[in-house]
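A, B and C label the chains in the order they appear, each numbered from 1.
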Amino acid sequence: MLRTRELTKRFGAHVAVDAVDIDVRPGTLHAIIGPNGAGKTTLFNLLSGELRPSGGSIEFADCDVTRLDATSRSHLGMGRSFQRTNVFPKLTVFENVRLAAQSRTDQSFALWRTAASLPAVNARAEAALEEIGLLGHRAQLASELAGGDQRLLELAITLATDPVLLLLDEPSQGLSPEDARRLIDRIGALAARYTIVLIEHNMPLVMGLSDEITVMNFGRILAHGTPAEIRADPAVRAAYLGKTA
Amino acid sequence: MSGLVEIQLLNGIVQGMIYALVAAGLTLIFGMLDIPNFAHGAFYALGAYVAFTVVAATGNFWLAIAVVPLVVAGLGLVVDAFAMRRLARAGHVYQILFTLGLVLIAQEAIVLIWGANPTSVDVPRALDGGVPLGVVSFPYYRLFLVAASALVIGAVWLALERTKYGAIIRAGIDDPEMVACIGIDVQLLFTIVFGIGVGLAGLAGALILPIRGGQPAMGNELMATSFAVVVIGGLGSYLGAVVGGIFVGLTQAIMTILYPAASEVAIFAAMALVILIRPQGLFGKR
Amino acid sequence: MTRFAVLVVVVALAPLVLHYPELETQILTFGLLAVAFNLLLGEMGFLSFGQATFNGVGAYVAANALIAAHAALPLALLAGLVAGGASAAVIGALAITGRGVYGVMLTFAFNEMAYYIAFQWRDVTGGDNGLRGIPSPALFGLSLDDATRYYYFTAVVVLLAFAALLRIIDSPFGAVLRAIRENEDRARAIGFRVRRYKIAAFAISGALSGLAGGLYAELFRFVPLQAIDLDTSTNVVIATLLGGIGSPYGPLLGAAIFTVLSNSLSHVWSHWPLVFGLIFCAVVLFFRGGLWGIADRWGRRAAHA
């Protein structure tokens, strides 16, 4: 589904991501973890298209996307979330999601239609809110939602773009433990329908959820395997578990 | 050679130093503090008029040059402390709009206090006369203007590059929270920088007064040109503002010789070219 | 819809109540300019500080079409509209290269450039004497050379343009503009080519501004250099903010009040801009919704009570 080869990003002399090979198989939830400064966020931005790689390649669904920008990748079916809550604050929850659904149509330059009455778009938006459990908040302004709900809305926006692959960047960042748990449960439910790449700092959260885990440190891949293998890996324990646990 | 071309070029440098002073102040405020100050030209005009009043009252132009930057900087401190900070959270658009209101107030206040007619002062007596150049001569005062501007621009540059506070200002721009942790009142520091920035504009207004005189709309005319200077030099680059200012002054002078009708348009054409070829400006980063 | 109906009635009755059809026509053309400006500011979140550029381009093109090409009035207005839109698309494309404030600066600087071009290009613009000799308005053989008749002609055109704009605001395209205003990066991430939408919005805003310019040129059969100068751009910004950027009706209200005040107060006290500047600063600091925002709040409170 998603494959990187020798993916590298340099910032001056600093190599943030160093020749990383990752294979995300269809239908799996693949977590990328690592301590702060391991290069996770840089890797994520390379995958989503926010950053241009210094070397290597990215393939998505057998298509070389290395040179495509974020907008094009979104249209290919790579949907991303953001580490900080990133919604349209002064629009309603429904409008937030409707915009995302509208982006999949060819109606966005239509000047003579009414945005609120595109049936297919409305249906898609409602489905995304339903899926994420926010339908009850549809008329509220996004900025008025609680922090955890805003993060869910962020996810609903991404879902409404009909992605094949979800790229989630530290979704639990800054959430209370209960909210983080709630969000992770939602992500677990989504894993049945989407291929997911989840970047996460909070390792215990992803252990029970992931099919495969890649551990990064100093821009390189330290280990790769199932949660059980990762838990048993001495190098991972030394670099990561040892520090946080 | 009659010296006329040389005079034109020298005049271009004189005008360029004025642009450099104004744009250096603008770049401190705009590029480093990230405050869109559309009233920068109004501070320039106020500088000229305050200088006029000081000269009228005391007959001493040197005193005017010393007093004007302080008075204008003081006004800047008030504006920043009372309005710009408050509006920072509302966003840039509202900061622009507020400074736009200031332009209206300043322009009309000038008419009310000093009248709508142009004002002027004589060149200080010590600088009467000029350097002979062919059939014409180049006034000493203009040489003084270039030297004084260069001195002030250099002093501010040294303060930015070589002092602890300069380092903090530059660091504060990258990471205000980090600097706040060191225990420095960043807000106060930024307010002072705002004051210095508009003070430079005020000084430029005072320096140009004996050459061009003052008129209420002088700030507005300067504003668009100094935006072009900042875009050409690179937003946020102090060096870029200075080089851009001299470049624009010289371009105007050369165009005045070659094709006067296009001397103003040429600057904006140069600006458009820079945007297309090098959007970050000649000396801008990124 | 009801608001629009009220607007139509007000516009239709205005000349019967106040007998200054020229002033009222000016309100309409300036109002259209403000509404066009607010498509960029209120909907897309971009402060265009060069709206007079497009107004002036439209006025000069329409006027020259009438003078030199003896074009029919609708055709001349259409030419002004197209020219305004084209100039705005070009300047918009250049201005949005940089983010935020940088773009505002560029629209401002390009306005000054346009002003100098108009100032120098006397054959087309008349320079600082203004462009004279525009033939009196006529529509399919019917003379509009009467202030009240021309007012009603302008009213129909402006109301149609305004209705079109309301439609655009409610369209999927308008929704994308609001997405850009609220969060440009997120809009890009969900797949919108933000740059294209911005340029299109500039073109629409410029087209309506060009139309306003054409209507204005025919009003006094004269295009002053002020039609394209920065003071006019500034006035558009001030009037719009005074009226309120939160609704398309706000700029219309602001334009009406601004035009009336600047025409009447300048006779009373020549330094009125001083007071105006103070009021404006107060609006920016304390009443960001403008007059329409205040009226809206009262209206809602009354509805609740």
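Assume a residue touches a chain if its C-beta (ideal position, glycine included) is under 8 Å from a C-beta of that chain, and two chains touch if they have at least 3 such contacts.
Just so we're clear, the structure is a prediction, and the values are computed from it rather than from any experiment.
J.: Chains touching chain A and chain B alike, please list them.
T.: C
J.: Which one of the chains is farthest from chain C, going by Cα centres?
T.: A
J.: Counting C-beta pairs in contact, which two chains come out on top?
T.: B-C
J.: Using CA atom means as chain centres, which chain is nearest the centre of all the protein shown?
T.: Chain C is the most central one.
J.: Using mean CA coordinates as chain centres, what's the chain A-chain B distance in Å?
T.: Averaging C-alpha atoms per chain gives centres 47 Å apart.
J.: Averaging over Cα atoms per chain, report the distance between chain A and chain C in Å.
T.: So the centroids are 43 Å from each other.
J.: What's the distance between the Cα centroids of chain B and chain C, rounded to whole Å?
T.: 32
J.: Under the definition above, what is the set of chain B residues touching chain C in their complex?
T.: Counting only chain B, the residues touching chain C are 30, 34, 36, 38, 83, 86-87, 90, 92-94, 96-98, 100-105, 107-109, 111-112, 220, 223-225, 227-228, 230-231, 235, 261-262, 264-265, 268-269, 271-272, 275-276, 279.
J.: Could you list, by residue number, the parts of chain A that touch chain C in their complex?
T.: 48, 70-71, 74-75, 80, 82, 86-91, 95, 98-100, 102-105, 107-116, 118, 121, 157-158, 160-161
J.: Write out the stretch or stretches of chain C touching chain A in their complex.
T.: Contacts found on chain C: 167-168, 170-176, 178-179, 182-183, 185-193, 197, 200.
J.: Touching residues of chain C toward chain B in the complex: what are they?
T.: For chain C paired with chain B, touching residues are 41, 45, 47, 49, 94, 97-98, 100-102, 104-106, 108-113, 116-117, 120, 230, 234, 237-238, 241, 271, 273-274, 276-278, 280-281, 284-285, 288.
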